[in-house]
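Multiple structures are listed underneath, in structure tokens.
Each of the next two complexes has subunit A plus one other chain: subunit B in the first, subunit C in the second.
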Partner chain A sequence: MTGRPRGQSWLAAAMLSPTMIVLALVVFYPLVAAMRESFYTSGQTLDADGFVVEGERFAGLANYAGVAGERFLNAALNTTLFTVVTVGVEVVLGVAMALVMQRAFRGRAILRAGILIPWAVPTAVSGLMWKWIFQADGVANALLGTEILWTADGPWAKLAVVVADVWKTAPFVGLLVLAGLQIIPSEVYEAAKVDGASARQRFRRITLPLVKPALLVAVLFRLMDALRVFDLPYVLVGPRKHSVETLSGLIWDEATRVHYGPASAYGTALFAYIAVIAFVFVKLLGADLLSDVRARRKEARDVG
Partner chain B sequence: MRTRQITALLALGASLVACGSSDPEPAAQGGGDGRGPITFVGGKFEAESVQKIVDAWNAAHPDEKATVVLLPEAADEQRRKLIQSAQTKSDTGDVILIDAVWTSEFAANRWIDELKLDTSAFLPPTVETGRYRDKLYAMPMFTGTGLLYYRTDLVKEPPKTWAEMRRICDEVLPKQKGMACYGGQFDKYEGLTVNFSEAVASAGGDLVDASGQPQVTGEAAKKAAQFLADGFKSGMMPKEAITYKEEEGRVAFQDGKLLFYRNWAYGYEAAQKTDGSSKVAGKTDVAPIPGLDGPGAGTLGGNNLAVSAFSKNKRTAADFVAFMTSTAQMRAFALTSSMPVATAAVYDDPELIKKYPYLPALKEGILAAEPRPKAVRYGDVTAAIQESAYAVVTGAKPVDQAMTELQAALGPLLQP
Partner chain C sequence: MWGRAGMIGIALYCLVPFYWMVVSSFRRTSDIYDVSPLPSPWSVESYDAVFAEGMGFGRALVNSLVVAGTTTAVTLVIGTLAAYALARLRFRGKNVILALVIAVSMFPGALLIVPLLKLFTSIGWINSYQAMIVPSMSFALPLTIWNLTTFFRQLPQELEQAAMIDGCTAFAAFRRVMVPLAAPGIFTTAILAFIATWNEFIIAVTMVNDQDVQTATVRIAQFTGAAKFDTPFGTQMAAGVLVTIPLVLMVMFFQRRIVSGLTAGALK
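What follows is the complex of A and B.
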């Protein structure tokens, strides 16, 4: 960026300005409005005639009191647990799916399409589908020979949500990893084979390191998605069930009960939480994630 | 370096967008007292039969035609949409159909106007659901209360008390395979509030007394909670009933898995269907729900018509409300739809009783029914009730503890 003619950077700024304006409108404004809202309270008092007193009142940090409350912490714990478990399982399954999808064999196209179908199903629809599977006299209990109430509040509900989420998003990880696999040149494998590397060694020494950038992008996406999960627990188990209430679910519940102050406060807290996770992730593993960018920047410096 | 972090942050921004709520628009204050075309915002249920009434209005009032806008079926979604337009002071809906339990919240927020209309033609408890602080804000239209569905092939006389019900079950069930005694809606949602307050009213108590104080640590509420807790513990109520909403339970009853089932009147037609979907067709009837010492008291459900405070044509809107809920139109509606209406005359009409044999039982149920607690912050109240009632039905907490917690939670929510 340094050492370029001035005119060019002005041109670049002008070309980017529409993007920045759109970003300011759809990202920064709601963000700032929500943060402002989190310091205000409204509609919580009645006057003598029984009418709600209109207008907003500055509440300071009162709305943030709930962040230390039992319900918020429970939701934060659920969200974190859900994220760790689902993303972990999805990475393993996704890599396996990608390896299978990459193989050249008859019917590969059908298999690929088949694996991707769950990803194409809208989450709410898959939630309804799994609800049907997990209901008291549903398929899951019939197959397992159990009488578990999967959709009632309790530990089984957690498992039901994890299963449904893994089913739906493992293919997404698989797809991104597949894209990473396909750019690994086959010569590398051939050379390794000639040198006598076993299949396991080829996977550990070639496939994994070379597919790592794509895998990290997939994990980052999934992390951010899983941390704000809402629709699946909502549809599958229902709102306000402690065992599966996520932070987004809690925010939704507060907002529908017209508690915009606490909802915004929790939203801000969730935002900070996701930002920290993403920051740490990029910091720790960013070398590979942004290696391409860095290489290009170095190139530019060398030329300049 | 920094740009890259900012980009990462930007991508995250979306998580917050959902909860950002901006200030209401300052424009369009107060609405107006005019006449002219209006919009009626209704729910999707019984849309065709409702449209017939609107068509009749439009034929009679060519200069003040009403357009129908349908909201999503789920009550929560409808409420959200209506509150959104109210907070932006939008005049897009002149007449709105609101759930009976929203009356206080909408009235207290000045989202709907007081109505000066004659309510003498309705069943009295339904009128009560449209009132806030003794003033009428919403005109009764649809109503309903819990009915006890039972199997006429196994039960001679429907039970009047819980003890009778238990006795009948003890007699009948040993000879039946895979059948449980009683079911209702015990999943954690509005239906649980309905079923719980119904149990309390049936034990002779009230969740909230006349002065607006919660009374859930009283004798009646505890006995009602104990009835539910014992029911689940003893297996009188099947344990999967804690996942039942109306439909799950209805299907279980129609599959012959329940001897008694508490549901709204809508289940009657479905249960009597002879196309194979119901195994209990012709073997089902309804009765008022049982109680602790005598017949129980159901909870009033229903939807009422209100005039939006932001309407520009309030005089037309009020006339429209009166027209929609007139006895003639409600009778015509009842002929094409089984949705129960609030008009008293409908329940004594021989032609309609022939069509819907449950009408006398339903009338008796509605006259004995109690409204759910009236509260401006009804959303918080019902959430608190569901929290404790769910702990009772799942056995997570002893009755005494759950009720003490509920009493403490309701106190501040019901403060004026």
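What follows is the complex of A and C.
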């Protein structure tokens, strides 16, 4: 691959340009437009002399006033609580599932097809499915012997949403962790066994550190997904429900009621929130992620 | 012993809620609240109701197929070009573009739909397929590029070098040698992109309110019974089963590929 770097640059530009055009249209334009929109009001307003003014006007930080409001803070709290609880439970369950699957040899293929089913069920369908399971006269109450109104606006609705999300995504985390486990050479475990390490020691000193990179990537994916959750609470409990309204739900509601200014302000706030979490995550825990990238870069340089 | 118990536990965890949806879809409306493990008697009443006139479910399935199919096809063409350039060509700023592609896949859809809703309203795109297809590329394209870049990197370098020594241009080497070799990876990526678009919700529920253009995931969430507050659970479960079956079949046939595709991005 030597000798024609200039020709390769042209070819690379040509091959990448369709992607750049699409991303500019569907990601960067909306991002910039939303940030601009968040400082403007639209629709009819009265000016200082009492005349009706049409069109957009600069509004300063007026749209951001709602960020300190009860509805936004509630949505932010719901989103954060949902993210922390679901990702936490999914990691524990996912690791447990991966450890079980790693030991299984017979029936592994069938198990793998089965474990993909929660992942394949569309979130909207899984929302309806759990809504049915959690009905007042439904099977959950029948099995538990309770009479809880799971899908009505209230604290139980939060639990219903968490259960539905964990069901769908814990197996996905399990698959990613299993892939990480499978690249640990068995000689490492055998050597530890020979040296007299107990099962618990092998798990804590070998499995966890070696599977950490795969686990961190899975957690990062899940964090980003959970922070923008929209469809599950929308279908399972409903739109505009105080106890389960997420930031995405709030933004969607304002946008569809043509309140583009506040919707853009909340959207920008959510974007900033996600960016900060991603940055902190990579900074605090991402030594492995980064070292992986660096190793890859070095490898690329050696090859090139 | 423990391993077997664990495996049965995982299987039950994954399948029991899904099983309950299937069982409920085969009950009669009059005994929909039964909790017996199998329906008695079995009935296809709910399936008849799903395809009853006015429900628009058949139409919604076609709409989903059009939107997911078109998005997948366009994304694959564009994404394959980009992925090859990122995996194999030498140029400046490659890492910046790779980082950008990853960052884009983490953008919240709720932020993107606000200006797009405004834009599509002003150019008359509301209630059209393209209003769902174009924004869906915001998540389908990064997924495609990321997966295919990993895949192209694993192919041996010697092949396109040999083709170029034989007189192929770099692009001809890509088209005649690398694309056919990457066919399995492209196929796997197509499955993942199709499933992601088929399951998409927030764009479809925002850009379309006309029943004739709605996709299946949105349509079934809006099923109502004869009376407004009477939720037709049997019908919803039957529709849910029908929407999920194509995906379950894909999972059954291609599970090995899907798992390798899902985990490739995380490990390499």
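Rule of thumb we're sticking to: the second predicted complex is superposed on the first by the 260 of 304 C-alpha atoms of A that agree within 3 Å, B and C clash if a C-alpha of one lies under 4 Å from a C-alpha of the other, contacts with A are read in each partner's own complex, and residues count from 1 in each chain.
Operating definition for what follows: a contact is a pair of C-beta atoms (placed from the backbone, for glycine too) under 8 Å apart; a residue touches a chain by one contact, two chains touch by 3 or more.
Keep in mind that what you see is a predicted model, and the values were worked out from it rather than measured.
In the model built by aligning both structures on subunit A, subunit B clashes with subunit C. Contact with subunit C, but none with subunit B, is seen for A:L11 once the two complexes are overlaid on the shared chain.
By the document's definition of touching, neither partner reaches A:L81: not subunit B, not subunit C.
Applying the stated contact rule after C-alpha superposition, one finds that A:K241 touches subunit B and leaves subunit C untouched.
After overlaying the two complexes on the shared chain, residue contacts for A:R257 are found with subunit B alone; subunit C is out of touch.
In the overlay built on the shared chain, the residue A:A191 is in contact with neither subunit B nor subunit C. Legend: residue contacts after superposition of the two complexes on their common chain; A:V92 is shown touching neither subunit B nor subunit C. Taking subunit B and subunit C in turn and counting the residues of subunit A each one touches, the greater count comes from C.
By the touch criterion defined above, A:F172 lies against subunit C but remains apart from subunit B after alignment on the C-alpha atoms of chain A.
Legend: residue contacts after superposition of the two complexes on their common chain; A:V100 is shown touching subunit C, with no touch to subunit B.
Within the superposed three-chain model, A:L149 lies in touch with subunit B and out of touch with subunit C [touch as defined at top]. The superposed model shows subunit C running into subunit B at a single listed stretch; among 7-15, 205-213, 241-249 or 259-267 it is 205-213.
Note: residues 23, 26-27, 29-31, 33-34, 37, 135, 137, 224, 227-228, 248, 251-252, 255-256, 260, 263-264, 267-268, 270-271, 274, 278 of subunit A belong to the subunit B contact set and to the subunit C contact set alike, using the contact criterion stated above.
Partner subunit A is touched in their complex by these residues of subunit C: 3, 6-7, 9-11, 13-15, 17-18, 20-21, 24, 33, 35, 77-79, 81-82, 84-86, 88-92, 94-95, 97, 100-101, 104, 106-119, 134-135, 137-138, 141, 145, 157, 161, 170-171, 195, 198-199, 201-202, 205-206, 217-218, 220-221, 233, 236-237, 240, 243-244, 247-248, 250-252, 255-256, 258-259, 262-263, 265-267.
Of all residues in subunit A, only 1, 4-5, 7-9, 11-13, 15-16, 18-19, 22-23, 25-27, 29-31, 33-34, 37, 96-97, 100-101, 103-104, 107, 109, 111-118, 120-125, 127-130, 132-133, 135, 137-139, 142-143, 167, 171-172, 174-176, 179-180, 183, 213-214, 217-218, 221, 224, 227-228, 230-231, 234-235, 247-248, 251-252, 255-256, 260, 263-264, 267-268, 270-271, 274, 278, 297, 303-304 touch subunit C in the complex they form. Residues of subunit B that touch subunit A in their complex: 4-5, 8-23, 76, 79-80, 83, 107-110, 132-133, 187-189, 239-240, 242-243, 248, 252, 376-377, 379-380, 383, 386-387, 390, 394, 416. Against subunit B, in their complex, subunit A makes its touches with residues 23, 26-31, 33-34, 37, 43, 46, 49-52, 54, 56, 135-137, 147, 149, 151-154, 224, 227-228, 238-241, 248, 251-253, 255-258, 260, 263-264, 266-268, 270-271, 274-275, 278-279, 282, 290, 293.
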